[in-house]
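Letters A, B and C name the chains as they come in the text, with residue numbers starting at 1 for each one.
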Amino acid sequence: MHKLSNKKRLVIFLLLGVAIYFLSGAVDELRVYQGASVAVFVVGISSIILLTGYSGQVSLGQGALLGVGGYAAALMRIHYNAPIWLCFSAAIIVAAIAGALLGLAAARLSGPYLAGTTLALAVGLPSIANQFSLLGGEQGLLFDVGFPPLSLGQDFTQYKWFFWIASLATLIAIFWLQNVMRSRYGRSWKAVRGNDVAAELAGINLTRNKTLAFTLSAGLAGLSGALLAMTIGTVSPSAFPLSLSFSLLTGAVLSGVTTLGGVMIGSVTLVAIPEIAGAVASRLGSSEAVTNNLPGLLVSALLILTVLFVPNGPVEQLRYRREHRVKK
Amino acid sequence: MNRRTLISASAVLAVAALTATSLPAQAAEVGVSSTSITLGMTLPMTGTASPGYNKIPGAMKAYFDYLNANGGVNGRSINLKVEDDQYVPTQAVAKTNKLILQDKVMALLAPLGTANNKAVAASVNPARRGVPVLFVNTGFSGFADTKKYPTTYAILPSYVMEAKIMAQYIKDNFAGKTLGLVYQDDDFGTDALKGFTQAGVTFAAKVAYASGSQSATTAAGWVSKLSAAKCDVVILFGVSSATAAGLGTAAALKYAPQWILGSVGGDATTIKAAGVPAGVLYNAVGASFAPATTDMTDDYVKLFSDIYAKAVPGSAFDNNVLIGMNTAFVAAQALKAAGTSPTRASLLAAIDSKGSTFASAALLPLNYSKTSHVGYNGYWFGKYSPTGDLKPVDGKYVLYTTDSGSGAVVKSTWTRPAMPAKGLPQ
Amino acid sequence: MIQFINTILIGLTSGAIYSLMAMAIVLVWRSTRVINFAQAGLALASAYIGYQVMQSVSNYWVALIVAMFAGAALSALIEIAFMRLLLKHTSSGPIASVAPIIATLGLLGIIKAGIAMIWGGQDVVVKPPLSNTGFSIGTHTLVFSPMKLAIVISVATLVLVFSVIFQRTNIGLALRASAFAPEIARLAGVRVDLVRTLGWALSGAAGAVAGLLLTSNGNGSFSPESMEFSLLLISGFIAAVIGGLESLVGAVIGALVLGLVTSFVLMYISGSLFFIAPFVVLLLVLFIRPQGIIGVKAGRRA
């Protein structure tokens, strides 16, 4: 398996950026908005790939960390009128700190205990907003990134601006994440995931290793949360429900939780399913109840099918098959 | 296929998916064709806050079907697309995006919820897109601000108005009693608090509940606080499910103060459907701006309940239905006034110039003008009968009006003009 | 004073319901080493089945029994049709440890969506058979009614029955043996697969009763999105974890502790903390005693 050199990867990312630029001009606003949503999921899912796929720790509460990032960004904007990049940076840093704390606590837990704690976190953390009026309660806070600069023209829509910001942030985040995963940190996570006793014997400090994974993963989640807040325009407890954590986990499994390569698959699927389901349901002339719940049903069914038949994700599955074919 | 190819392939897949289903360009005005006008609505059809309000789409569609069968508006039929947002602001944003960007509705009609409308205004920004937001189903006083929400029109009296009028009623009828209040912990509730503070009302106990947390279990805590403060008169200013939870739990705990129910949550049918015995409602005080739903001497009530009974047989004609159909009626008149080639701009102009002359079932006039997007501005008070129906005190409607500012509460002398023929726009 | 007593009573009642859920989770964990998130979905489904039964036969207790058997049957079905397939496919690979968790989450999603499709998202009402008006002591009324008393008694009975099954019968012995050392149990003639399915069935029954009793703890109305059911999922799971995941007694104690603490927090600190309180309790317990209240510190498994 050959790896691309850093320079080649940088070129690929730049090309992707250019492609996205042209793309945003060619499609209508709904697609652009959905593109921004895809970007949100790409960053969110990659945070789970880092935590669960590489470091082997399962978190059912990534949505809460998205919430931390979202609120941090909103507060920076409201109280200091900070520029967007600063708001996002604050989101990343604050979420990373939360992740570090969580990681320290989680390092001692494993399996169901970790799952339970993160599940409780997913549900409990957002509702803290109801306790402090600073956080805006159930209604939440507004997060307004402002209108696109006039230099881009009168017709430049708000959603296109969201899409540009989200795409840029995503490209940078994924590029950085790939770097990290190829570094010795990535290798040490894989080692711990494979066999933690052996890894410890080889000199890896388990607590520090796991906490680092949580911290970085949380930082990414915070960015994703800030991007989500940007696209919805508000942060509130109901913007980061338990179902968000489940969706991210689902997207990670659909993409192949152990590798970054298929992350688009999961993200696009999650955004596309409600629309596809809606089209299918109206074609069949279904009732209101069926139409509203079909997306949830499809996503859950996809999740189960993937876990059963393509557990490592399509990317790994293909590579596995190719390797086996060669070996014959 | 190696990994690099797969990554590129998935990127191409994304591109294809995005471009593949781009919609074709639209002619004329968005949402308007030669035969129909499409409107969009978001409200809770399911979820904790939905009881009662989920009847509104059925009610509005009943009126629009009746209207369409009678020639529609300037030859066009009115279609209403309804989306469920479960009273969650972020879902309201997503569904409104769908209505505006995908379904391409001409205008939004009666979107429900203070927090929801605020979130939509901040994110989707209908004002910037020129999309009219007609007759929002919330009493938040801020939505009448023409600078902040230039394309938004209120219709319900604001919560500030309601609170001030309630305060006047309390002063007239319950002077000296200990007061308690249950309100929703967001702009809906704080709007009411503003009004009460304006009117100089002090509460011995104020209980805020987080939207979505209302249930029999949490209501036990509310009742605990209210009875500990020995409140004789308690105002329930929440949504229907919160009001029902409060009443039901209080009855189970044998706590029976004088209840005053806010208009948002005061629909008797919904409360009874949640299991609250009619006896608990008996003699509670409630408010409305439309005629009582059991008042068959009223032309509008008779016509609307007829239409509804034929369209949705077996469903009770309650306040949600009456007000829903009324809003649909007003919207139809606005669309008619927008002309034979209606545009979003002409619709807005029509409401500004002719809105105050629109017919409606309410016992108060609409206050639309170029500088005012305020709809109704007052209430009458009544008591719930032994069967739990709201009836005006002494059988006479006495309407109090005020504003959302520091204006005084005065009795209204306005008489409602006769209903236009067949209840259709003229 | 009366508020203090009321707080305890509220906590005991909700704790009792959570304990059934916690027991359901422990039962499955002990027999299959899987945390079955779909259990909460089954509890919801059983409540709806109970509602459907009430539509034809207006007897609550009949509905409860039918719901219980339905829950047991559904749970067993999931074990046979789904879990065995899952465990076979994912016994190795990097996703092995998380696959069952994710799969049961998917199952939960399917069950919830299915329920909403069949019965709609609106509230349905199962009228509680007994009155919910509180008992009176002098001038004060307790937050404890004939219905709530029935709930507590039902739960206590069920816990007792389960304990007897596990500790005193041959089936119970077989259940414990299959979980502890499946190969040896097989050699001793125990039909391990059948016994495991039985464990799931019992779990389903417990969850079903929890679901229906939960609706009767309030005014009887519920929907797929009801806050009470979300709380049941979280609290049942946390209670099981607090109790140590290893014993039924632990599950019950964990649930009662959780119920009481949450009740006190809600009454005396703030009414909107009902989702944070379980989390804080969980953190505290795991911090002080990572193996849970009655857990046994597991040795390192190679």
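One rule holds for everything that comes next: a residue touches a chain if its C-beta (ideal position, glycine included) is under 8 Å from a C-beta of that chain, and two chains touch if they have at least 3 such contacts.
Just so it is clear, the structure is predicted and the values come from calculations on it, not from any experiment.
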{"item": "Contact graph of the chains (line, ring, star, complete, other)", "value": "complete"}
{"item": "Which of A-C and B-C has more C-beta contact pairs", "value": "A-C"}
{"item": "Distance from subunit B to subunit A - Cα centre to Cα centre, in angstrom", "value": "37"}
{"item": "Centre-to-centre distance between subunit C and subunit B (centres being mean Cα positions), rounded to whole Å", "value": "39"}
{"item": "Inter-chain centre distance, subunit A versus subunit C - centres from mean C-alpha coordinates, in Å", "value": "31"}
{"item": "Shared-contact residues (touching 2 or more other chains) in subunit B", "value": "45-46, 84, 185, 210, 212"}
{"item": "Where subunit C touches two or more other chains, by residue", "value": "116, 120-121, 272, 274"}
{"item": "Overlap residues in subunit A, where contacts from two or more other chains coincide", "value": "127, 130, 288, 292"}
{"item": "In the complex, subunit B residues that touch subunit A", "value": "1-4, 6-7, 10-11, 13-15, 17-19, 21-23, 45-46, 84, 88-91, 93-94, 97, 101-102, 114-115, 118-119, 122-125, 128, 185-187, 210-212"}
{"item": "Subunit B partner contacts - residues on subunit A that touch it in the complex", "value": "1-2, 4, 16, 19, 23, 26-31, 33-35, 38, 127, 130, 137-140, 142, 144, 158, 231-234, 236, 238-239, 259, 261-262, 264-265, 268, 272, 275, 288, 292, 314-315, 318-319, 322"}
{"item": "Sites on subunit A touched by subunit C in the complex", "value": "52-53, 56, 58, 60, 105, 108-109, 111-113, 115-117, 119-121, 123-125, 127-128, 130-131, 193-194, 197, 242, 246, 249-250, 253, 257-258, 288-290, 292-294, 296-297, 299-301, 303-304, 307-309, 311-312"}
{"item": "Interfacial residue positions of subunit B with respect to subunit C in the complex", "value": "45-48, 50-51, 54, 84, 86, 185, 207, 209-210, 212-213, 215-218, 220-222, 224, 228, 244-245, 248, 251-255, 274-276"}
{"item": "List of subunit C residues in touch with subunit B within their complex", "value": "3, 6, 10, 14, 116, 120-123, 125, 127, 132-134, 136, 141, 143, 145, 217-221, 223-228, 266-267, 271-272, 274"}
